[in-house]
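Per-chain numbering from 1; labels A, B and C assigned in written order.
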Amino acid sequence: MTRAERTSDASLRLSPATRARERLVRGLLLFCAGLSVLTTFGVIAVLIGETAAFFADPAVTFREFFTSKRWTPLFADQSFGILPLLSGTFLVTAIALVVGVPLGLVSAVYLSEFAPAGRRRRVTSLLELLAGIPTVVLGYFALLFVTPLLQRVVPGLNLFNPLSAGLVMGFMILPTVSSISTDAMQAVPSSLRQAAYGLGATKVQLIFRVVLPAALSGIVASVVLAMSRAVGETMIVTLAAGQRPLFTLDPRETIATMTSFIVQAATGDQPAGSLASRSLYAVAATLFAITLLLNLVSQLVVRRYRERYE
Amino acid sequence: MSRVLGREERADPARADRPERPDMLDLGGGQARRRQANVRAFGAAVFVPVFLALALLVTLLFDVVTDSFSWQVIEPRNSGQSFSFLEGFAAFGTWENVVRLELLAQGRTQEEVDALLSDPEARRVFGARNRVELMPWVDGRPFRWLVTSSRDDHVADLPLLEGLGQRRELLARAEPGQVVVLNAWLDLSFFAKNASRTPTMAGLLPALVGSLMLVALVIVLSVPLGVGTAVYLEEYAGDTRFARLVELNLSNLAGVPSVVYGILGLTVFVRLLGLGPVVLAGALTLTLLVVPVVVVAAREAIRAVPDSLRQAAYGLGATRSQVIARVVLPNAIAGITTGVILAVARAIGETAPLLVIGAAAFVPRPPDGPLSLFTAIPIQVYTWVSENDVEFTHVASAAIVVLLLVLGVLYSLAFYLRRRYESRW
Amino acid sequence: MRPAHLALALALPLLGIASAQSIRIDGSSTVYPISLAMAEEFSIENPDVNVSVAFSGTGGGFSKLCAGEIDVADASRVVKQGELDACAANGIELIELPVAADALTVVVNSGNDFVQCVTVEELNAIWAPDSTVSRWSDVRPEWPDEEIALFGPGTDSGTFEYFTEAVNGEAGAIRTDFFPSEDDNVLVQGIQSDPFAMGYFGFAYYAENSGRVKALQVDSGDGCVEPSAANIESNTYTPLSRPLFVYVSAVAAERPEVQEFVRFYLDDFNRELIADTGYATYADDVYAATLQRFEDRVTGSAFLDFQPGDSVLDAVRGD
C-alpha cells in the first residue's frame, strides 16, 4: 500500500455512503487507466484480424510477401511483395538519420556543455518549436522548396524523391535526438567531470572521453527512438517522396514507403473487404511491428546500460 | 564555485593572463592560449546545428509567407475596374460599398444596384460567386479594391520575389482588358469563404470550424481520460502489475505512428460503430493519440505537488478523493493546462489519422455538428498542395500561415505557463 | 440500418441538432471535377442543401451507392451487371445519366516526327502486361531503334482503369515498368524531356496543354481518327472515348432536393460548367432525353451493350 493509502483509509471511520463514493471514484479512475490498455488491445486486434484475413487469401503467401520485389495490389496482376515498401522506408529513414543524428548530437553537446542557462532555455524552446511544426507543413516545404533547390544541384532528381523528404525529416528528428541526449549527458555525475578536470583534461577531451561514453546508453536510445519516429512518419513522405513502389536504393528515384502506401490505399478506391484494401492492414501491421520493436529496444538499452555509471 | 573564481580573477588585473575558465590548468602561456582557442573554436562549431535549425525555421516561415502572395495577370469577368482604398472603405459596410461601386462600373443603374443590394438572397449569391479583395497593387497603383469572380480567366501567376522585378514588364505586356495585380491570398475574406473548386473563391471557413470542433471534442474527451489515468497512477496505484502494465502501454502508445491510430479509428469508429467519416470519429481517434501526452504532463504536475499538502489534508479528515479534488488537482492545474495545450497543438497539426479516416472529401461548408462530414486545416493544406495547381499552392501557403500562427500562440502560452509556474515550491 | 445510426437518428432531435438536407456524391475521380462544379454552384443557389463530393473511385462509388451510404455515384464507365444485381439485392435501383464525354489521348514528344497514327494492336503490343517491346523499332521496323520511355497515370485513376481495359482488354492489366504519376503535369514534363517518350492521359488535360506534347491519331480498324471534341462527341474516336455517367439511386430520386440537383446538372444553362472542366459535352437533345429518363424514373442500364460508334442519344432514349 502506498503511504497515501495507509494514511487515508486506516484510522478514519467512513460512512457507507462516503465509502461507496470513494469506491466509485476509484473505479472510474481505474477505467480511465484501463483505456490505454484497451487501446493497445484494439490496435493489435484490428491489425491481426485483418492481416490474418489477408494471408488467408490463396493469392497471398508469406514467402511472396517477404521476398517478392513487386508490390502491385492495385494492378490486375496482383503481387504482394513488401520489399519495395520496406526499401523505400529504409531509404528515407537512413537519409533522415544521417542528417538528424549528427546534428542532434552536436546540439546536445552544445546544450549540455557550452550553453549558459538562459541560452539553453531559449534553444530548448527553439528545438521544441521545430518539433512542433506539423509534418504536413514540412512535407510542403520539402516538395515546394527543397526539391526545386536540389534539382539544380543533383542531376536526375525526380520531382518526388526520398532525398528531399529524408533531409527535411532529419530536421524533424533532430529535437528528439537532442533532447534525450542532452538529458543523458547532463545526468553524467559531476564527480566524473571534476575528476577529469583534475587529471588535466580540456573541455574537448572531457566531452569525447568522459561525457559521451558515459551517456552512450541514452544517446543510443535517442537514436533508436528517432529511427522509430522516422519510420512511422507519414505526411512528409506522402507529399514529397512519392507513391510508386519501387525496390531501389537510389535516392533520386520516386519511391513509396509503408506509410505513403497506407495513405494511398485509405484514400483510394478499393472497396472495404477486398484483398487490395486488406493489404493496407498487412502493411500497417508490419509498420506497427517495426516501430514497436524499435521502441522496446530503446527502452531496453536505457534500462540495461544506464546503471553502470551510477 | 568556478563562477565565483572567475569573477575574482577578472577583478584582479595581475591575473589577467590567467585563463578565464578555471577548468583549464595554467601549463604555460602558449599552450594554454592554444587550448583556449581550440575550445572556443569547438564551442563555435558546436553551435552550428542549432544555427541550422534556426535557419530552417526562418527559411520555412519566409517561404510560406512570401508564397502567400503572387503577381497575377487576370482577364476579369467583372468590370475589371479597381477602386482606391478610400473610395471603397466605409466604417460599416465596406463590402456593400465596394460591390455598389463595382456594379455601377458594370453599367447598371442606381435603381438596379439598390434593388440587388437590398435583396438578401441576391447579395448572398453575389457574395458566393465574387470576392471583394483589397489588393496591395493593381495596375501600378497601390492598395485598391477589386472584385474578382470565380469565372475569371487567370493568364499568368508569378511568385512574389520574381514578379517584383518584372512588374513593369507585366504591365507593358498586358493586353487591353487584362488586369495585373499583386494578390495577397491571406486576407480577411479567406476566413469567411468556403472551399471551392477555384483558387479565387477557396477559403478556410469549413476547415477552421472543423478544426475548432475537433479540438473542443478532443479537450472534452482527453482531459478527463488523461488526468484520470494520471491521478490513478500517481495517487491510487502502488507498484502493482496493473499499474506497470498501464505505464508500459502508455509509453508504447506514445511511440505508435499516428497513421496506425488512423487505421484503428477507421476500423472501429467509422466502420464498426457505423459513425462514418464524421467529426466525432475524428475526435475520438485524435483523443486516443493525444491522451499519452496529457498523462505525462499531468503526472509530472501531480508529482510536483508536495506530499506535505496531502498529509495536511488527510490530517484534517479528508478522504482520498477529496484530497485529490481539492488539494492536488488545484495545485497541479498549471502543469496540467500546459500539457493540455501541447496536446491540443499536436491534435491541430495531425493530418495522417484524419486522412485515413476519410476526411479528405470536398466539404462545401462548415460542419453542423459532431455527426457531419468535415475537414480540418491540415487536411485542406494537404488537399490544396496535392492539387498541383500553382494557385492552389498560394492558398495552401495562406492556410499554413494561419496554422503556424495558431500554433505559435499555443506554444507561447504553454512556454509562459511552464516558466511562470516552474518552481513554485 | 446500423444500430448506431438508428440510435443517433433518434437522439438527434433530442440533441437539437438540425439535420440539414444533404446530398452525398462519391465515385470516379475523372467525373469528380464535373460533380464538384455542379455541387458548388448548386449549393450557392440552394444554401440549405449540403452537397458533399468525394472521389473514392468508380468501384467504391458503386459499392457505397448499393449500400445506401450515398445518393449519387460518379462513374467513368458503365455499371456492371454484377453491380446492378448487388444494388437490386439491397432494394436499390439505379437511374443512369450520361453527363459528358471523355477521351484518352495518346501523346508523344512534340519533336517526334515519325509517328502520326497508331493502331490499337500496336498500342496493345507496347502496353501489354507481358510486352516484350522496348524500342520503337520493335513495333514498326521503320521507326527509330530507340527505347520507348513510357509514362501514364497511376493505378488509382479511372483513366488508368479505362486505358488498360480498352487497350489490353482487362482493367489493371498493364506492364509495370512505366513511370506512373497521378499528376498529369508530371507526365507532360516527363514526355517533354524525352524525345522518344510516349504516354497517355485525359483529353481534358491535353486540350489545355496541346502546345507541349503531340497527340497521336488512333486507328481501331476504320482509319486514323484524331482526338478532338467533335470526334469524341460523335463517338468515332474509339476505343479511347467514352461517356461519363452519374448514377442516382431510385430511393434518393424521391427526395425533392435530389430532383432539383439532377435538373440543375442537366440544365442547358449549366453546360458551360462542364465545358470549363475540359470535358466534351453532347448535343442538347441528349441532355433533354437524359432528363426525361430521370423524370420517368427509368432504372437499369441502357449502355451495357454499348459499342464504339453507337449513338448515345439512341441508347438514352431506349431505342
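In this section, contacts are C-beta pairs under 8 Å (C-beta built on N, C-alpha and C of every residue); 3 or more make two chains touch, one makes a residue touch a chain.
Computed from a predicted structure; not experimentally measured.
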Chain contact topology (line, ring, star, complete or other): complete
Chain separated most widely from chain C, comparing mean CA positions: A
Distance between the centres, which are taken as Cα means, of chain B and chain A, whole angstrom: 22
Separation of mean Cα positions, chain C and chain A [Å, integer]: 40
Distance from chain C to chain B - Cα centre to Cα centre, in angstrom: 37
In chain B, residues with contacts to at least two other chains: 358, 360
Residue list for chain A, restricted to those that touch at least two other chains: 267, 272
Where chain C touches two or more other chains at once, by residue number: 186
Residues on chain C engaged by chain B in the complex (per definition of touch): 2-5, 8, 12, 15, 17-20, 26, 33, 36-37, 39-40, 43-45, 47, 50-55, 69, 183, 185-186
Chain A partner contacts - residues on chain B that touch it in the complex: 23-25, 27, 35, 38-39, 42-43, 45-50, 52-54, 56-57, 59-60, 63-64, 67, 224-226, 228-229, 231-233, 235-238, 242-243, 245-246, 249-253, 255-264, 266-268, 271, 288, 291-292, 295, 307, 310-311, 314, 317, 319-321, 323, 345-346, 348-352, 355-356, 358, 360, 378, 381-382, 385-386, 393, 396-397, 400, 403-404, 407, 411, 415
Touch list for chain A against partner chain C, complex: 70, 72, 74-77, 159, 243-244, 254, 264, 267-272
Touching residues on chain A, where the partner in the complex is chain B: 1-5, 7-9, 12, 14, 18, 21-22, 25-26, 28-37, 39-40, 42-43, 46-47, 50, 102-104, 106-107, 109-110, 113-114, 123, 125-130, 132-137, 139-141, 143-145, 171, 174, 197, 200, 202-204, 225, 228-229, 231-235, 238-239, 259, 262-263, 266-267, 272, 280-281, 284, 287-288, 291-292, 294-296, 299
Complex interface listing, chain C residues touching chain A: 29, 56-60, 63, 129, 154-156, 164, 170-174, 176, 179-182, 186, 189
